[in-house]
Every structure is written in C-alpha cells, then in structure tokens.
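The following pair of complexes shares a single chain, chain A, combined with chain B in the former and chain C in the latter.
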Partner chain A sequence: MQKSESLSKTNTPKRFRMNLKTRETIAAYLFLSPFIILFSVFVIRATFYAIQMSFFDWTILRPFKPFVGLANYKELINDDVWWLALKNTLYFSIITVVGTSAVALAAALAINQPQVKGKEFFRVLLYMPSLLSVGVIGLTWVWLLNTQFGIVNYLLSFIGIRPINWLGDGKLVIPALSLTTIWWGFGFPMLIFLAGLQGIPEQLYEAARIDGARQGQIFWRITLPLLRPTLLFVTVTGFIAHFQVFGQPFIMTRGGPGRASYTVIFYLYEAAWRAFRMGYGSAIAVALAIIIIIFTLLQFRFIGRRVEY
Partner chain B sequence: MPKLKALKYLLSLFILVFFVQTMAQDEPEPVVTDFGSGGTLISFWNGLSGSDGVTLNEMLGQFVSENPDVSVRTEIIDWGTLYPKLQTAFVAGEPPDVFIVHASEVAQFHSYGMLKDLSYLYDTNGGPLPADDFAQPGFNGVFIDGVPYGVPLDNHGRATWANVGLFEAAGIEPHIPNNFDDLVAMLQQLTLDANGNNAASADFDPANIVQWGTCMEWIYTDFESYLWQHGGSIISEDGKTATVNSEAAMAALQKMHDLIYKYHVSPEPAGFDAWQSWAGGKVALVPTGSWFRNFAEDQTDIQGQALPAMQLGPNPGVWFGAHVFMIPVSLEGEKLAAVEKMIEWVTNNQKMWAASGQVPARISVQAELDPENYPSNILIGKTFQDYGHMEVVSTAILELQSALDPELSAALNNQKSIEDALNDANKRMQQILDRTQ
Partner chain C sequence: MKRQKFLSSLPSYAYLIILGLIVILPLIMIFSQSLMSNQEINRWPPKIYTPEPVFSNYVNMFKRPDLKLARWLFNSIFAAAAYTLAVFVICAPAAYAFARLRFPGNNVLFFILLATVMVPGQVTLIPNFLLVRNLHMLDTFHVLIWPGAANVFAVFLLRQFFMQVPKELEEAAVLDGASYWGRFWRIVLPLSTNALVALGIFVFLGHYNDLFWPLITTNSIEMRTLPVGLTLLNFSYGGMERPLVLAGAIFASVPVLIVYVIFQRQIIKGVAMTGMGGR
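Let's turn to the complex of A and B:
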C-alpha cells in the first residue's frame, strides 16, 4: 500500500505550489526591492564607508590616506567646538520639537472642529510651508527677522518693542532659528495629529460631555492620553530630524554670531568640506549617529512605556 | 474653541502672506550662462557674484563674438560652495575646464596636485602674457616654488566708502586720519543720536543712535589690515606658528572693540546690514571692498566717495587678494587651447574688468584708467601697491580662516573677552598648523 502510494506520487506530474503566505512574502519583497536596493547603495553602503573613513586621515584629494585608528575620535572628545555644537544642537532640538508639536497639535485641533468649514483648504494651506526648500525659507526669514528692516521688528514696534537683534544676539539666535523651523515644519506633524484625532472614538467625547466635562478636561483626560502614540511618533521623528539641522544655520547665520549657532552638522560641514578633513567629518557623523540612537532609545524608554497602542 | 479658530485663521493668513511675498521676489541672478555656439565648449566655474559676475559675463559675451569657434558655459557659485564642489568634481574626474579662486588658495589647491603649471603662458617661457606687466605683490601669489599656477585677473581688497552728504553735514572733509585718536574724533562727529547730539557730546545717548560714524562689515579682512598696521600677522613668516594672540593682535582687536563699546561710533556687527545701512544714509563711512563701487553708484541719492582703508594702527596697511584663473592639470587638446585663448583675451581686455570695481592685475591697464570714470579703482589700487598685504599663504588657509573668524565675531559681539577669543583662536590655529605643515 505504501509502495503504491509512493509510486502514484512519483508518477503524478508535480506542480510546484507555494502556500499563500510565501507568495505574499515574496510579493512584498518584490514591491520593497526598489527601495531596498537604493537604500542599500546610497545609505547602508555610505554609512559603512563613513565608519571606515573615520579611522583614516582622509583628505579627499590626497591619494595617501593613512590609517589613524581612534585618533579622530580622541580629537573629537577634546574638541571644544564639538561640545559647543552638540549643546547648541540639543538646545535647538528641544525648543523645536516642543514648539513644533505644540503648534501642530493646536492647528490639528482647530481644523478638526466639527463646525469648521473648508477643512481640506486649511489643511493644504497650513501644510504648504513644508513644501518649500530650506533655501527659500532661510533667505526669506533672514529678511523677516532683519534687525533694521525686518517686518517682524516693524510689527513689534507698534506695541513699543525696540528692534530685536534676532539673528545677531548669541542668546536669541537659536530660538530664532527654532521659530523659523517650527513655522516651516509644523505641517507634517499636523497631518499626523489630525489622523490621530480622527482615530479617537466619538463615543468617548459624548460620554464625557454627558458627564458634564469641560473642554479643558476633555482635552487633558481624553484627547491627549489617546494621542500618546502619535505624540511619541512625532517627538521621536522630530528629534531625529532636528538633531541633523544644517540648512537654517548655514543659510541664515553661518554658525554665528561667534559660534552661537554652530550645530553638529554645520561643524561636520566645516570639517569635511571647508577644512577638507573627511576622516574627522566622518568621526563627527558616527558620533552623532550614536547619540541619536541613544536619545531615541531613551525616548522610547521614558515616553513609550506610558503609551497604550 | 474660539481661540483655536482664531489661531487657525492667523496661521493661514501668515502663510498666505509669506507665499505671496516669496512669489513676488525678484528674478534670481543667473548662475549658469551659456555664451556662443562654437564647436569647442569650455566650462568655467567661479564665485564672482554681484557686479563682478555681471562684468565678467559681458566680457565673455564679447570674447565669443570675436572667437566664434569657442563657446563658454559659466557657473557662478558662492565661494563657500565652490571649494567643496571643486573637490568633488576633481575626485569624480569631471573638473571644469577653467576656474577662478583666490591667490591665497593657490597653495592649498596645488598641494592636492590639481593645478597645471602655467609657466608656458608667460613671455618668460615664450608665452603671450607679459610677466613683468602684472602688479606686485599680487603676482607673487600665483607662484609656488618659483612656478606660476595661475593668471591673475585683478587685485581686490579693502577700502572705505564715505557718504559725502553726511560728512558735509558734520562739517568734515571726507578723509581717513592717519592715527587712531583723530579717527575716533572724526567718527564721533559723524555719529548722531535721535536728538541730534554727536558721540563727542556730553548729552549723547548711546542707546538711541540713528546715524553711525562707521560699522563692521567683513571682520576677518579688516582685522588682518589692522593687525598688519600694528606690525603683526596671523601666522609667522615660515607659516608654522600661529601668532594671532600677539600684542599687536590684542591691540588691533581692542581698538575695533573700542569703536563699538567705548566710543559708540560703530554698531555691534552681528545683525547689522552695512550695505543697506549705507544706502539708507545711516552710516557715514563703511569699511568695504573695491567691489562696492557699482553698489555705491546705484545709490543715486547718495554721493559716495572711495577712501583708503581705515588706519587704527601706527602704520598704514591694507588687506588685498587676487582673483586668479587656474587650469586643471588634466586638461589637454582643443579645450586647453580654447581656455588659453579665453584667458589671454580676458587678460588683454582687463580694462573692461575695471567696471566691476576691482583693480586690474596688469600695470599697463591700471595706467590706462582715467580718474573721471575709475576714481575708486585708481585710489584703491595705489593703496595696494603702496602698503598692501596679500592674504597669508598657507596650504591650510581655508581652515585657518574658519578657526579665526568665529573668534573675532565672538569678541566683537561681546560673547568673549578679546584675550580669550584670540587665545582660543591661536590654540586652534596652531593645532591646524601642527597637523598640516
């Protein structure tokens, strides 16, 4: 019996059939493959190459690139400008992430009101700044914030405020760059918050209103707790993005006054592209990547544990 | 939620105004321009923006009309972007056929083996360009170990521009005093508060100034001028030791600082727009460069007059540099011949270049300039010849500048003491020199 079964199996023309799960998996990877290939070539390969470069005295145009081991990292640890740039970057990131999240959430709440007409129009309008390049944003805001001729100081003069040196005062320059960035970047997190708000069941609000809850109570007890996963996403991606700020200080202040708006990537640019020290620039990049990873893990640790999905 | 609604409308209004304003901007200056349709196309990169770029483009237009076999594609790139772009282009094996950088950077680019030896272009080696007709000490800047790696287009450097009307209103003939005390006294007369009191008056209100005697513009180059006036330099003659915390440097920077915080004749530099303030009649004497000429002439409601650089030290001294044509070492054949033709044509027609405000590199062309049309070129060129100092030559000049510039800014914007700023700069510059020399 066993033999005949075996024979019949052998004689029957066999069609190779994958199960559904395997087919779906292959299809998924096929759809992902253009991204995976490009990501591997332009990001993963470049990342490993940068790590390798950080162990060399790598001047791009010199054929001889000696291996220096950890010398670039030792220099980095003793480099005052690196620590200053890191401090500036952290300060900028905190202000910008908090500011962007607050403005984006406020805008999303405003647009999400049931009585608002033309939601789509306002959604597009408020998202529009995100479509502009950093060059356009930077040059325009340099004029808006100009101490002598800027419209911001002109408007403030009507309420008796003397001209403020937004980009020339070492204490104000980072908040001014943050202000620019918040205006530029709040559109995308606003859309994320809108999606989050639309995912909150309406029954919860109805129940709260029947129980006599005020708007403030509803926001703090229902909306904000249920938006925590969204908030986590916005803050984590925000910190990752803003830790890499470059265009705004490069275009608006060139890192000044003094080094008051030097950021890590700005310093990396100076090292790699002005001093032509690619090895040292790569060490800065690797160090920043490690810091961002640690910071992201900490955010998940401290904010993420209070999130219910 | 009326507050949220108001916020929404406020944000929307702001964004709408911003977009309207953005779209209403003037046409940007062209960065890539094609000249001619000749069979041999040469690419030409430079950082000559503003009136420099306009003048050079006019010259190239005329060059291709006289040389129809050649066409030129120029790319005008901000200097700060040009240097990294040149690096990547050379590494990729696709450098421009000809480019312009400054004489002070010849040593750095030569150290990478990027530059062609151009001895054969000068008559000392049978070429068409008369070597002894290029003004010194600018011409020396293109030589490394006795070999020329470039052809100078001009000498350009620091000067001042006076608003003649403001000088006349103060009863002063536009001039530059040859000592610091007299300079301060003059600038005090030219600095006015909202009540019309000048900075020498006992009733002067330094918190409410409406007209400045002077201001700071390109701090790095002016500091170098004042440092030379005090007998110092940013690095030693052998190029191995940083000397920017010397007594001379401390004195030079202290005097710049005093103009701002002690005598109140100059605003804090950061956030102050020197050119627009001069155009708005808010600054009597702006320290700037030879390239200011056309901007000054465009301000038809202001009578401007070029003057030598300010003298803060005991001796005169002024920073100047040179724009220099360079050719990649790899260029050969038809393109090389076309590039040589273009450089020779531009060099022989440097008088046209004087329209940019810069001082032509050739002595014979400088002599051709008439005082009526080129007063600033003649005056400024003479200061370069009489007491000019070329930017220091170092294979790490760009990095040295990056180390010093923020410290000067920090000191003059009162973020650091003079001593700390110059000591920090010196320490950093010495690290660079130890690593590179």
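Let's turn to the complex of A and C:
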C-alpha cells in the first residue's frame, strides 16, 4: 500500500520535478526492493555463508568453531561414505532419467497419435501420481515392494519369480527406489513431450508419408530430431532434480540396507542434522553444487551441439 | 481403410491402458487395504478388495496422541497458501520491473538471478537453518513462508507472462495518468490471470509436498506438515499397523486429488505453460 502512495506522489509534478528516467528508476527499485531484500538474505548471503562455513569446523553444539582451511574437503575426498553416496546418487539419477524419459516419451507418442481417442482422459490419469507427496509415495511403495506381502512380488510370482527382497538387498535397493520414482514422476515429462510433439508441423509428417516413409523412419528422422530441445530440457531438469533425491531413501529405506541407499542429500542430512557437523555438511553441499553446475554445462554442450542439425 | 487405422493404433492403446493400470492399481490397492484389519492385510495372496471393510483405521488415526493428522493437514494447507501469497506479493512486482521498466543495474541484477538458478537450493539449507534458528523462527509458520519466498523461478515466469501483455494497453493508461503501480496493478496483473493461476497451483503444490525444509525446521508435533507427519507415521507404525499408515496416506492425498479433479484442465495446461511439475 505504501508503495502506491509513494508512486502516486512522484506523479504530482508540482512539488518536485524529476525527469522521467529518474522516476522510472525509483519506481523500479521500489518494485524490486522486497524481492531484493529476501533474495540477498536467503539466497546470496546463504550461498556465500555456506562456502565460508565449509572452511570451519562448525559444530552446532560447540561454541568454538575453529578455521580449518581445506580440512573438510580433504576429509570428503577420503570419505568412503561420501563416494558411496555419490555413486548411489549417480546410479539412481541415470536410471531414473532414462526410465522416466522412455516411459514418458512412449506415452506421449501414443497419446499424440491422431487415431487415439480419450487423449484428455489418459493425460489426466497418467499425470496423477506426480501430484502426490513424497510422503505418500514412500509409504505406499514400501508396502507394494514388501517381500512377503507386496503386490509386486505377487504379480511376479505368476511368471515364476520367487519373492524378491527389493528394499533389503543392497544390489536392488537403488533400482527399486528408481522404479518408485519413475512411477511417481513420468507424468511431468510426458506432458512436456506432448507439448513438444504438438509443436511439430503436421506438413512434415504428410510430406514424409507421401515420400513413402515408414513409421520407424518417421520417428527417427523427423520426430526425434525435432524433439531434441524438449529431450534436452527433460533430461537436464530431470537429472538435476533426481540428483537431489532425499525423500525416497529417507522414508523407504533410511539409507539402508547398511548404506546401500545413501544419497548425497541423505548424507548431507545425516552429517548436518544427525551428527550436527554443519561445516562438513556445508562442504558436502558445496561439492554437490559444483557437480551439478559442471554437469549442467556439460550436458548442454553435449546435447546442445546435436540439436543444431 | 478404417480397420487398418484402428489396427495401427492398437499398440498405442495397449501401452496406454497397461500404463494406466500400473498408475491406478497401487492407488486402488492402498485404499482398499486401508480398510483392512491388521490380520487381513498380512495375508497371502495380497487382495485388492476386502469383503468386510473396517473403518477403524480412519478413526484411530485421529485418536493417537502422537498423530495429529487434522492439524498437519491444516498446517500444510495454511503454510502453502501463505507461501504462495508471499511469492506473488514479493515476486510479481519484481517481475514487472524486469519486464517493463528501464533502470540502471537491470542487466547485472538479471544476470545474478540467472546465475543462482544453476546453484542447487540445498547449498542454502544450512545457513538458512542457522539464520532462522538465531531469529527464533524455528517451529513457527514464518519459517515455512519467508526463506523460500524470493522465488527466482517465479520471477522468470512472471516476467515472461508480463512481457506478453500488449504494451499499447499500458501506454493508453499512461495517457490517462496511471502511475507505475497503477499500470502493474490494474492492467498487467489482471491480464495475466490465467498464468498467475497456473503458477499459483504449482507453487502451492510444490510447497505442500516439500519434505526436507519442514523436517529440519519444525520439531513440535503441532507444527509438523503432512509429508513430515506421514514419514513419522510410517516410522512409528509401518511395521505393526500397516492399514493405519495407508489410511494416513489416503487422508493426505484426498485434498490434492480433489484439487486435481477441479483444476485438471488448468493443471495439465499449466505444466506446459510453466514448465513446473508440482514438485
């Protein structure tokens, strides 16, 4: 409210004559000021403070927090749990992104077929799990994947597969969490792919058909190349999002069995809020940020080049 | 010809129907199992339907002293609504400035915003946790509203939307003596309503479903949000009283699904419009 008053005051030219440029600048900064204040405190300051904290032995319970230089990072490099968490996270992100994109792209292609009816229905139905909270997803899938009573093992028993200990087997726990996440999240890339598919002009398909192209050729030569920017968006944003996975292991396995489903953010949580080692936790957070930034740039270069032709 | 067309679409139908079943079956199953007794749910083979549904889980859920589901639902809805409002109040004027006003520092500021998008939000968790702790904001609604309110993503989207409003309309208003605020409040904002609704839904749902931040910044049983509460519910009762836990999951999902049924069109359209997925 205050803002509108001060702005209308600057509009009465009798008391002071400001030129238009100055008035526009003042107005702009008034519009921006609430954002700038909160942004400076909770984003800019916080980011720099995290970097700073990573050079200290910062434990919440001790008042003395000595500067330790690179000690946290040295510890990180020699920390087997960190490397395990990183490996798990990378494994999880890759199979989840690939799985999600494949399921979503196939669904989008199917819905986009001109002959298929009930497009609206399928879109609404298939997007539904994406709206549920990770809390709901976690405790639903813990039960569905239960070794003794879970429906997944029940369905598999029909094709002669003996009960699988999905969440209790160190080799299977990451694929199981990934399966859960694909079920939860494929609806979003599906809708993005659909929007991308609708952006491809119909004439291109017609021309290809007149030239006698087969379905497969049309997909590989027209649809996929033209969908590359969408594919880039889906894989980059998906990878970054999945790399920050926390809820699924936290709820479904608590990092177990052993540490087989420790992820980077899960380890950050353990270090900072279980062991209260905020300095070491900051080092983990900074390392994560560096990895994500590098990966974003790499992925853009790698796929970005191929988008061009 | 017609027959051939139908045949060619069969694989698509088959895929969509199987996928649809994979999506819907788990949800139907946890609903029906939430109506089972502790004995019935632990029977082989697992059943998708129960001949004698019991509603005691839905009653017990509200009676346990360590479970406050109604309160958690209120917390989640209230915090998410307040947060969404805060995002609009703080980000919309900023987005308008970036979209329409010329001022020195414009490019530098915008570049800083762009740069921070690449940095994952987890970097700010520890410093922001310590800050709100020092401000004695832990375990209050403030902590669920303010730290994330300067939402860079919202600024980008709103800027995009505002730039699509025809400039001529604003120019006409200037001739009528409208202030900068008047141009924003009376012209640009009302003309972006559709986009605002779409953005609002996803900002709301993203907050409603968030787990990490409320997990570390709330600690009393009264101040937990639903995702955190459900996690605790699973930790305490997941082993022995599975139907109770599933009833909790259903309880938490119903509000979201109701919103989805009402706003399905806006939500589906909004995903492509905003590039946000509700997470």
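One rule holds in what follows: the second predicted complex is superposed on the first by the 266 of 309 C-alpha atoms of A that agree within 3 Å, B and C clash if a C-alpha of one lies under 4 Å from a C-alpha of the other, contacts with A are read in each partner's own complex, and residues count from 1 in each chain.
In this text, a residue touches a chain if its C-beta (ideal position, glycine included) is under 8 Å from a C-beta of that chain, and two chains touch if they have at least 3 such contacts.
Everything numeric here is computed off the predicted structure, so don't read it as measured data.
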| item | value |
| --- | --- |
| First, second, both or neither for A:T140, with chain B first and chain C second | both |
| Touching partner for A:D169 - first (chain B), second (chain C), both, neither | first |
| First (chain B), second (chain C), both or neither touched by A:A106 | both |
| Partner chain in contact with A:I240 - chain B first, chain C second, else both or neither | second |
| Partner chain(s) touched by A:Y73 [first = chain B, second = chain C, both, neither] | neither |
| Which superposed partner A:Y91 touches (first chain B, second chain C, both, neither) | neither |
| Touched chain A residues, chain B compared with chain C | C |
| Contacts of A:F149 with chain B and chain C, given as first, second, both or neither | both |
| Which of chain B and chain C A:F295 touches, first, second, both or neither | neither |
| Partner chain(s) touched by A:A260 [first = chain B, second = chain C, both, neither] | first |
| Common ground on chain A, meaning residues reached by chain C in one complex and by chain B in the other | 60, 103, 106-107, 109-111, 113, 116, 122, 125-126, 128-129, 132, 136, 140, 148-149, 183, 273 |
| Complex interface listing, chain A residues touching chain C | 3-4, 7-8, 10-11, 21, 24-25, 27-29, 31-32, 34-36, 38-39, 41-47, 49-50, 53, 60, 103, 106-107, 109-111, 113, 115-116, 122-136, 138-144, 148-151, 154, 183, 185, 187-188, 191-192, 194-195, 233, 237, 240-241, 243-244, 246-247, 250-251, 265, 268-269, 272-273, 278, 281-282, 285-286, 288-289, 292-293, 296 |
| Parts of chain B lying in touch with chain A, wherever the complex brings them together | 1, 4-5, 7-8, 11-12, 14-16, 18-19, 21-22, 80, 83-84, 87-88, 90-91, 112-114, 268-273, 276-277, 280, 282, 396, 398-399, 402, 406-407, 409-410, 413, 415-416, 424, 428, 432 |
| Contact footprint of chain B on chain A as seen in their complex | 59-62, 80-81, 103, 106-107, 109-111, 113, 116, 122, 125-126, 128-129, 132, 136, 140, 146-149, 165-170, 183, 215, 255-260, 262, 270, 273-277 |
| Chain C residues within the chain A interface of the complex | 5-6, 8-9, 11-13, 15-16, 19-20, 22-27, 29-30, 33, 41-46, 48, 89-91, 93-94, 96-97, 101-104, 106, 109, 112-113, 116, 118-131, 146-150, 152, 155, 177, 179-182, 184-185, 205, 208-209, 211-212, 216, 226-231, 233-234, 238, 242, 245-246, 248-249, 252-253, 256-257, 259-260, 264, 267-268, 271-272, 275, 277-279 |
